[in-house]
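The two complexes that follow have chain A in common; it is paired with chain B in the first and with chain C in the second.
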Partner chain A sequence: MEPLDTHISRQYNVDLENIRTLVLQMGGLVEQQIEHAITALVQGNVTLADAVIVTDYKVNSLEVTIDEDCNQIIARRQPAAGDLRLVLMVIKTITDLERIGDEAEKIARMAVQLANEERPKNNYMEIQTLGTHVRHMVHNALDAYARMDTIAAVRVAGDDRQIDKEYEGVMRQMITFMMEDPRTITRALHVMWAARALERIGDHARNICEYVIYQVKGKDVRHISLEQMKKEVGEGS
Partner chain B sequence: MSENITANAMGLLKSEAKSLNFYYGEYQALKNINLAVAEKRITALIGPSGCGKSTFLRCFNRMHDLYPGNRYDGEIMLYPDDVNILHAKIDPIEVRMRIGMVFQKPNPFPKTVYENVAYGLRVRGISNRRKLDEKVEKALRGAALWNEVKDRLTSLAFNLSGGQQQRLCIARALATDPEMMLFDEPTSALDPIATASIEELIAQLKEQVTILIVTHNMQQAARVSDYTAFMHMGEVVEFSDTNTIFTNPAQKRTEDYITGRYG
Partner chain C sequence: MEPLDTHISRQYNVDLENIRTLVLQMGGLVEQQIEHAITALVQGNVTLADAVIVTDYKVNSLEVTIDEDCNQIIARRQPAAGDLRLVLMVIKTITDLERIGDEAEKIARMAVQLANEERPKNNYMEIQTLGTHVRHMVHNALDAYARMDTIAAVRVAGDDRQIDKEYEGVMRQMITFMMEDPRTITRALHVMWAARALERIGDHARNICEYVIYQVKGKDVRHISLEQMKKEVGEGS
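Entry: the complex of A and B
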């Protein structure tokens, strides 16, 4: 990818750098939202959960701001080639980040519900484990974005498989709990909702990785297998 | 040069430059150009000033013959005849009948609207009034000008607006039923509305003729063309379908140019 700061128009450099930075800022905020939501759920911390729910508007307003900035760049600069791909990927990335924010809010809502339930013996270990992995995945996806690193992007996209497996594990576990003791049904359902939200976050993180590859290589790697994705990235690098 | 596209994928070819070199006296302005022009498609030539795109365009109708010391080397094939139009035995006048040209600034003759369009036909020896009327109307309609000038065919061409004059020049070129049309920055002297109407006209013309267009306006190349060649320092750096050039060019020099970076 061409460096952003080499346009003849300095203002254009600034505009593009600006949306790139705002995405990272939005990413940082979203990461924090996930972390707080998981902690709130695991620790039964209602105050923290409420804070996550209240903070979601910040994620939303960043999405609107960045969207508007992208509109401006398209209207004024008619970006081409790598610049065009950057703007397109930013528009897509912020949609995924906003949805991640919504999922974090969902987890926080489950945390509020679960705080009223009796705590399980394992202290929501399954959510903690899945949550940590998902959080790392989001972090690494944003890292790949920041460094425009396609190799890292493919690796992180691959992590989604592991997340999906862990999610299935949580589902099986919850079904077992519910069969063994119907009194746990309410709690188990809440946990399932939270796990589902985490699994969705993993999908969004994978999307971001795909956009990184599109931006750098100009190749659309959506809806293809991980193996094909590796091949696409390996070529011409 | 990087060719991202094979001639096979382009369908029928109308013309093709093969190992073309061109010299203004000692100065070599074009270096080993190989470029295929697809039939009834629009091919755009883009590149910074002095890159040789206009020089290249002018080779197609032997414009350089008008000045001494200019020298061609290599071939420009015209299909389906399979003749090299640069060959010394080929009559440049005949080439210009078959390959019309429209310039940056509208340059109508100091004659009436009618006579501007009829000029090429008279040179061809057509003098039958009815036939001339018919051909003039057809050319003016082809250039989307007929409705605006049908009542002022006898007024001087200079009385038309800039955009109309340019369409008149297009009609003049169309009158001899050319197989190919060359446009050298056809809209750089026009306002956005006139530009849009010329672009629309070019898009319609490709149903009948093959078009090669030089433009400084990259968005124009992106809007109207099917294929784009990026030229730099007398060479074709990259040639591909327009979509690829503007979303994912293979060469760094192309990307730098179309994204407005220091080359």
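Entry: the complex of A and C
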């Protein structure tokens, strides 16, 4: 990939750099939304949960802005190979970021519901733990994106397996609770929905990692195994 | 939007038409996957469910092929306004179709699980009903896409509300079952996951309708209300 500053038009460089900055800004906002949603749920903080729900429009509006900017760049600059892939990658990345935002909003809605329920003895430790891991995964995916680091991208994509395992654990635990004490069914279901939202956020973070690999290597690594993905990225690259 | 046959290059027309055909082919496959997954669940047909799970790779491989074709067209033909929107719309549409395929696969996995459980008296009527509506919604969204019909697109997008209501109904019913008889908890949860997958398929169908409106009207109608959407499309258009 040619470095950004080799373009003849200075304005073109500025345009590409602006989009990159906006994507990272959107990523930062989405990370914050996840963090606040988890805190709201764990602490039973309805005010914070409401703030997450209200703030989702900012995520959506960034998506629309960046999408429009990308269309303009393609139409006006007619970017070639590397640059075109970069812009197309941004279009896909913001779709995933927007959906991560939606999932954070769903967690916040569960937080509002759970605030009305009796708190469990473990203070929603399982959501706290899974949530922290998922948030780190999103952070690391955005970091790999910012540095176009394929090695990091493969590593982060691999973290999704661990997230899936933890998620399965939460599900099994909740089913046990429900069966042991049917009065906890409503609460357990809300925890399950929140865990599911976190698991999906992990999937979206994995998608972003796959785009990074596609961008740098020009190879589509969606729908292939982690082992194949590592092979595509190569050892020393 | 200029008609496809006005391009100077005949090959360009063929390329655009090929992509359109491939998207509709992918849509047809995805519709079939939904139908088979629902039938498998309702009839407890594990063989059919396994076929759905195995066939998902075809959906994924169509996504990769079409995505690559779109990138090639942008790089080689440097499409202008209307054509560029068309290609970018295809890139988004196939992402939604691929995710619909994933949800159909999830329903098939629930079908396999449920085949081991005692069948309920109503023979999973709620999944049958919700499933039929969702499948029609996907079909109608693809139909609006094929004809670039914004009026139909707005109508189909509106159907998502009805789907959401039916979904909420299924969820309430399952919670009632679980509370009345905790032995049904596992079965009810599987039905809930299948219903959730159907609800998400409805969301993806709505996304496709929004792309149709964006393509024809050049207006981004994501993240706005149905009322605003109707206004954007206008009365007589």
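Criterion: the second predicted complex is superposed on the first by the 235 of 237 C-alpha atoms of A that agree within 3 Å, B and C clash if a C-alpha of one lies under 4 Å from a C-alpha of the other, contacts with A are read in each partner's own complex, and residues count from 1 in each chain.
Convention: a residue touches a chain if its C-beta (ideal position, glycine included) is under 8 Å from a C-beta of that chain, and two chains touch if they have at least 3 such contacts.
As the structure is a prediction and not an experimental result, all values here were calculated from the model.
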Taking the superposition on A as described, I'd like to know which of chain B and chain C A:G28 touches: first, second, both or neither. neither
Would you sort A:A81 into first (chain B), second (chain C), both or neither based on which partner it touches? both
Who touches more of chain A, chain B or chain C? C
Who does A:Y12 touch here: chain B (first), chain C (second), both, or neither? first
Under the stated touch criterion, which partner chain does A:H223 make contact with: chain B (first), chain C (second), both, or neither? second
Indicate the residue numbers of chain A shared between its chain B interface and its chain C interface, in ascending order. 78, 80-81, 84-85
Per the touch rule above, chain C residues touching chain A in the complex are 57, 60-61, 63-64, 67-68, 71, 74-75, 78, 80-81, 84-85, 88, 91-92, 95, 175, 178-179, 182, 185-186, 189, 196, 220, 222-223
Along chain B, where are the residues that touch chain A in the complex? 218-219, 222, 246-249, 252, 254-256, 258-262
Quick check on the complex: what are the chain A residues that touch chain B? 2, 6-9, 12, 78-85, 218
